[in-house]
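So, here's a batch of structures to check.
First chain A sits with chain B, and in the next complex the same chain sits with chain C.
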Partner chain A sequence: MAVTVKKNPGDIIFSALTTAAACTVIVLVIGIVFVLVRESSPAIEKFGVIQFLTSTDWDPVRESFGALTSVYGTVVTTGLSLVMAIPVALGIAVFITEVSPSFLKGPIGIAIELLAAIPSIIYGMWGLFTLSPIMGAYVEPFLKRATADIPLLNALFQGTPMGIDILTASVILSIMIVPFTASIARDAFNLTPDVVKESAYALGATKWEVVKNIVIPYSKIGVFGGMLFSLGRALGETMAVAFVLGNNHRIFTSLFDSAATITVTLANEFTEADKDIYLSSLFYLALVLFVMSFVFLAIAKFFLARAERRAAR
Partner chain B sequence: MTKEQRRKTEGVIALSLSTFSAILGLFWLAFILGDVLVQGMQALNLTLFINDPAPAGVEGGGLRNAFVGQLMITLCASLIGVPIGVLGGTFLAEYARGRKIARMISMLSDIVVSVPSIVIGTFVYAILVRPVGHFSGWAGAVALAIIMIPVVLRTTEDMLSLVPWELREAAFALGAPYYKVIIQVVYRGAATGILTGILLSIARVAGETAPLLFTSFNNSFFSLDMNHPLSSLTATIFQYAMGPYKSWHAQAWAAAFVITVFILFLTLLGRLIIKWRYR
Partner chain C sequence: MKRMVMVAAILACVLSSGLSEAAERLNGAGATFPYPVYSAWAFEYNKTTGVQLNYQSIGSGGGIRQITERTVDFGASDAPLTPEALAKAKLLQFPAVIGGVVPVVNIAGVKPGDMRLDAEAVAKIFLGEIKYWDDGKIQSLNPKVKLLHAEITVVHRSDGSGTTAVFTEYLNAVSPDWKAKVGAGTSVKWPVGIGGKGNEGVANYVQRTANSIGYVELAYAEQNKLTYTLLKNAAGAFVTPSFDAFEDAADTGTFDPKNHFYLWLVNAPGKNAWPIAGATFILLAQEKTDANRNVVKFYEWAFQKGDKKAKELTYVPLPKSLKDKIRAYWKANGLQ
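Here is the complex of A and B:
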């Protein structure tokens, strides 16, 4: 559908303008990488890559910095929240596409989208004032009691349940990514052609068998892409966890410990960094976070695009 | 149990679990929204909008500075982000339609939308705050605009693609140059959709906190100067909620109430327009 019109001066100007505007996205990505690398170069020179990523030091006084505590906190909170969110999100997607009567589909879809539109700072604040006291007073003592006699599992729930810890942060994060994951999974499920589903019904399959044997296998690339996309998002979430994590740099073993993620470290320390190497190390952390989330999001986008292309064929 | 019975029971269990998870999702929505509405309403009063903050720990005072600052930052972000986004979307859907570069920028935008917003805050800090030597409202506006551009760009691209190609051909046949066709025919056909995209992008950035922490920072005094630190509702919520005073917490809830209602209103409005226009 290429257009070949005689070049008009207005056209040349307007097309140049739109081209420049579209290219800002590319310029931004390159600019972010360039600036972050430049700003973190003193820290890269001093600590290197491997040493920075494997050191548990985070000591502004001795000017020794390592990313492992923050990366570890980021990975654990993200992992936990995905474990809690994905089954629920898939359940919601199945409900909207297959179970719900058609008059409920619209309203529930909108409700899920509203849940996704609530800003993360509201989740964080609600987590601090409402959820964390509940977690500290009821849920966490219960978990502690329930697992007290089970070896290994009880190590996860050791210490005093305060409500300001990894577990609460992960729960808030999971509530936050459920709607996002659910709506991508719903779109992926919807790509299954009705004819295929109807054929299965005609062979006598139950609704669940259609979901399990037709819809999920058919849309698994899209669903997988959706999960990766949520993962990329959860990695970079700041405000939802900043309130209840405590910014404590250490390698924890119990889910009742306070911790730090890359985002929380940045939010709490960036404006307080008084030395150049301190600030540079924080930029280094930001770079690590950017690369992590960009890679996951890019892989996710690749899978989602493939799923769409497959459905279009 | 016969095989048929087992299949049936399995189906009932699985589908009940799925229904249960939908109810769980609605439960959280009701819990969070209800909490914000109830607590926010209790703390909401007129002085909140017309007074500036009282000294820390003293009762009373309002958040006039934060409301005004938030409006200014969001408005300036829109003034920067919307034109770039709309023009960029135009390039993808018109001049570069079907070309590789369009698909690439489109995919890149989808990724940039979800890039951690706090990283964008550090980026803007490095290019706009450090060289100048102080935080500024402009830096905050630029940070939000960066988040806005890919959102507006992608919706504009989608909406322009929905305008039938024959409409353009009709205008070409009348001898109109392409840019006139785009501005007078295509934009007109897609106006509602583009406007919705802009509304949703404003809703998206209005609640952003992380990119503002290192750019517009915060300011406990009333200010209209975009060249200096500027207060925003979201940064104020963060500061007040983490602070030790009961009166701060109440005001944080009130601010959370205002911002949530504003964002949900924009989101619902956007959805309704899409439903009304494209069905």
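Here is the complex of A and C:
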């Protein structure tokens, strides 16, 4: 059915403006990739892809650069923070959607949003001045003592507990991503049709059984996507961890070691990178992070889209 | 329509005032270390002359790049550029103010100035070769201090910085071992230790970690009442990090206008000279523009009137002999 509507000029201008606005996003992304590739090309030429990604050397004086220590630090801190954040976030989401009396839902929701709104530099300063001394003086010595006789576990808690290490950084990161994971998980849980839940209650299921057998199976793909989103967020987090990680380019085995992540390296070294190949290597590192985040976000999108399709059916 | 006209009028006013001011505005960018003193000078200078000096502390690397591309009127760098690098980018260079780096320790019972160290001891501690405070080397330097068998925790900067450059240039100059294994630069591959971000990070870690040693700028050591150590200088004397010791270092350092004052002010020969000092430098384009002359005017004013302010902020003003050399350098390059 073809209906021709005479367009008035306002409509044309409006649609042109919004199209232009939408296009800026695409232009920006392409521009960023272009700049990253162009600026890192001297380093790509000098170190290649495989060598750069597998070399643990990061020596500005001898101009020898490799990404493995930073990538390793990024992956470990991110993974560890997810392990700590996800149980708490799921607990929050279950509480809000299933357990909480309705008068509590608002305040808790607001508290989560406030937590998400705190600028990351504040987490960083809080981490440096408050959390790190507590970790170094109480939490880490306790962990060391508690695991001293357990093989494998004691290797994770080796060395002098200083509070400037992987563990402290991961704790800060996990606090930062809890609100994200919680709100995405809450939305995923809300996609469970009430009819199904009510039927289960009608059959005499307890709250725990409903959550375990109905809500979680129904929303697991969405929750998984939410975790990947948090992962993307944790990957790129800079200021919260820059103060407590030490920027130490080393492959570590103990959680009490200081380390470097890609963003921490960039934040610490960019301003004073005085040699061309040094600067170029930092851009190369940024490119690696860009690709990593892009891949994780693409996977997250894929799962979230599948979850929504399933819910719609 | 009326509103549009008004907006246009306001815009025109803003633009034209911006243009008329342009002649009396100087833009600089670079090192973070001298930022407090440059901005204090700029404030005073603006009050007396009306000229606005806008200094952005984006880091030495950024300062060098911006002046090389001529996007600012002057750049500032904590590390001097070599004469070759200056020639390549067609730049001039002169020192503006001097700062120093001070080793600080946290050992129970040791007060500021109690601990004596020499170049070899500092290099070996930062190389990880001296691991305990009661090491024979440290004990022999400090016969009066009671040292325990406690493990040394080394604290260094985690971010790239001029402070690290000065400190590692010192270690490079005094220890062939350090030169071979680590080298000098704004950030290096540290053999041992933990990294703190900024002077405040290092100061914080040293203060709360028992048996640690770190290095910070003089101003930080003073303001935070950190336990500084004495250092043995090139003349063989143990010196306290004080204004006099830094001035002596600047006086006896061989700044040479012929190679654009390229000098790391470490291990200066003066009897009372503090061994780890460094000048921070101003970079100018070689072209003899008005902007260049105005930058020189500003620093001439700062050399005459700015010493008191610099001292208040714990920077060491240049000694008179060096200022005269710089003035001659300006004249020779047609900037004054």
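List of remarks:
FYI, the second predicted complex is superposed on the first by the 298 of 313 C-alpha atoms of A that agree within 3 Å, B and C clash if a C-alpha of one lies under 4 Å from a C-alpha of the other, contacts with A are read in each partner's own complex, and residues count from 1 in each chain.
Criterion: a residue touches a chain if its C-beta (ideal position, glycine included) is under 8 Å from a C-beta of that chain, and two chains touch if they have at least 3 such contacts.
All values reported here derive from a predicted model rather than from experimental measurement.
Once the two complexes are overlaid on the shared chain, A:120 sits against chain B while remaining clear of chain C. Once the two structures are overlaid, the count of chain A residues touched is higher for B than for its counterpart among chain B and chain C.
In the superposition on chain A, A:160 makes contact with chain C only, not with chain B. Contacts of A:248 after superposition on the shared chain: chain C is touched, whereas chain B is not.
Residues 128-129, 242-243, 267, 270-271 of chain A lie in contact with chain B in one complex and with chain C in the other.
Taken in their complex, chain B has these residues touching chain A: 7-8, 10-11, 14-15, 17-22, 24-26, 28-29, 31-33, 35-36, 39, 83-92, 94-98, 105, 107-112, 114-123, 125-127, 146, 149-150, 153, 165, 172, 177-180, 182-183, 203-204, 206-210, 213-214, 217, 234, 237-238, 241-242, 249, 252-253, 256, 259-260, 263-264, 267-268, 271. Contacts from chain A toward chain C in the complex involve residues 57-62, 128-129, 133, 136, 160, 162, 164, 242-243, 245-249, 258, 264, 267-274, 279. Against chain A, in their complex, chain C makes its touches with residues 32, 58-62, 64, 79, 151, 153, 158-162, 182-190, 194-197, 201, 204-205, 208-209. Chain A meets chain B in the complex at residues 1-3, 5-6, 8, 10-11, 13-15, 17-26, 28-29, 31-32, 35-36, 38-39, 87-92, 94-96, 98-100, 108, 110-115, 117-126, 128-130, 175, 178-179, 182, 206-209, 211-212, 229, 232-233, 235-239, 242-243, 263, 266-267, 270-271, 282-283, 286, 289-290, 293-294, 297-298, 301, 305.
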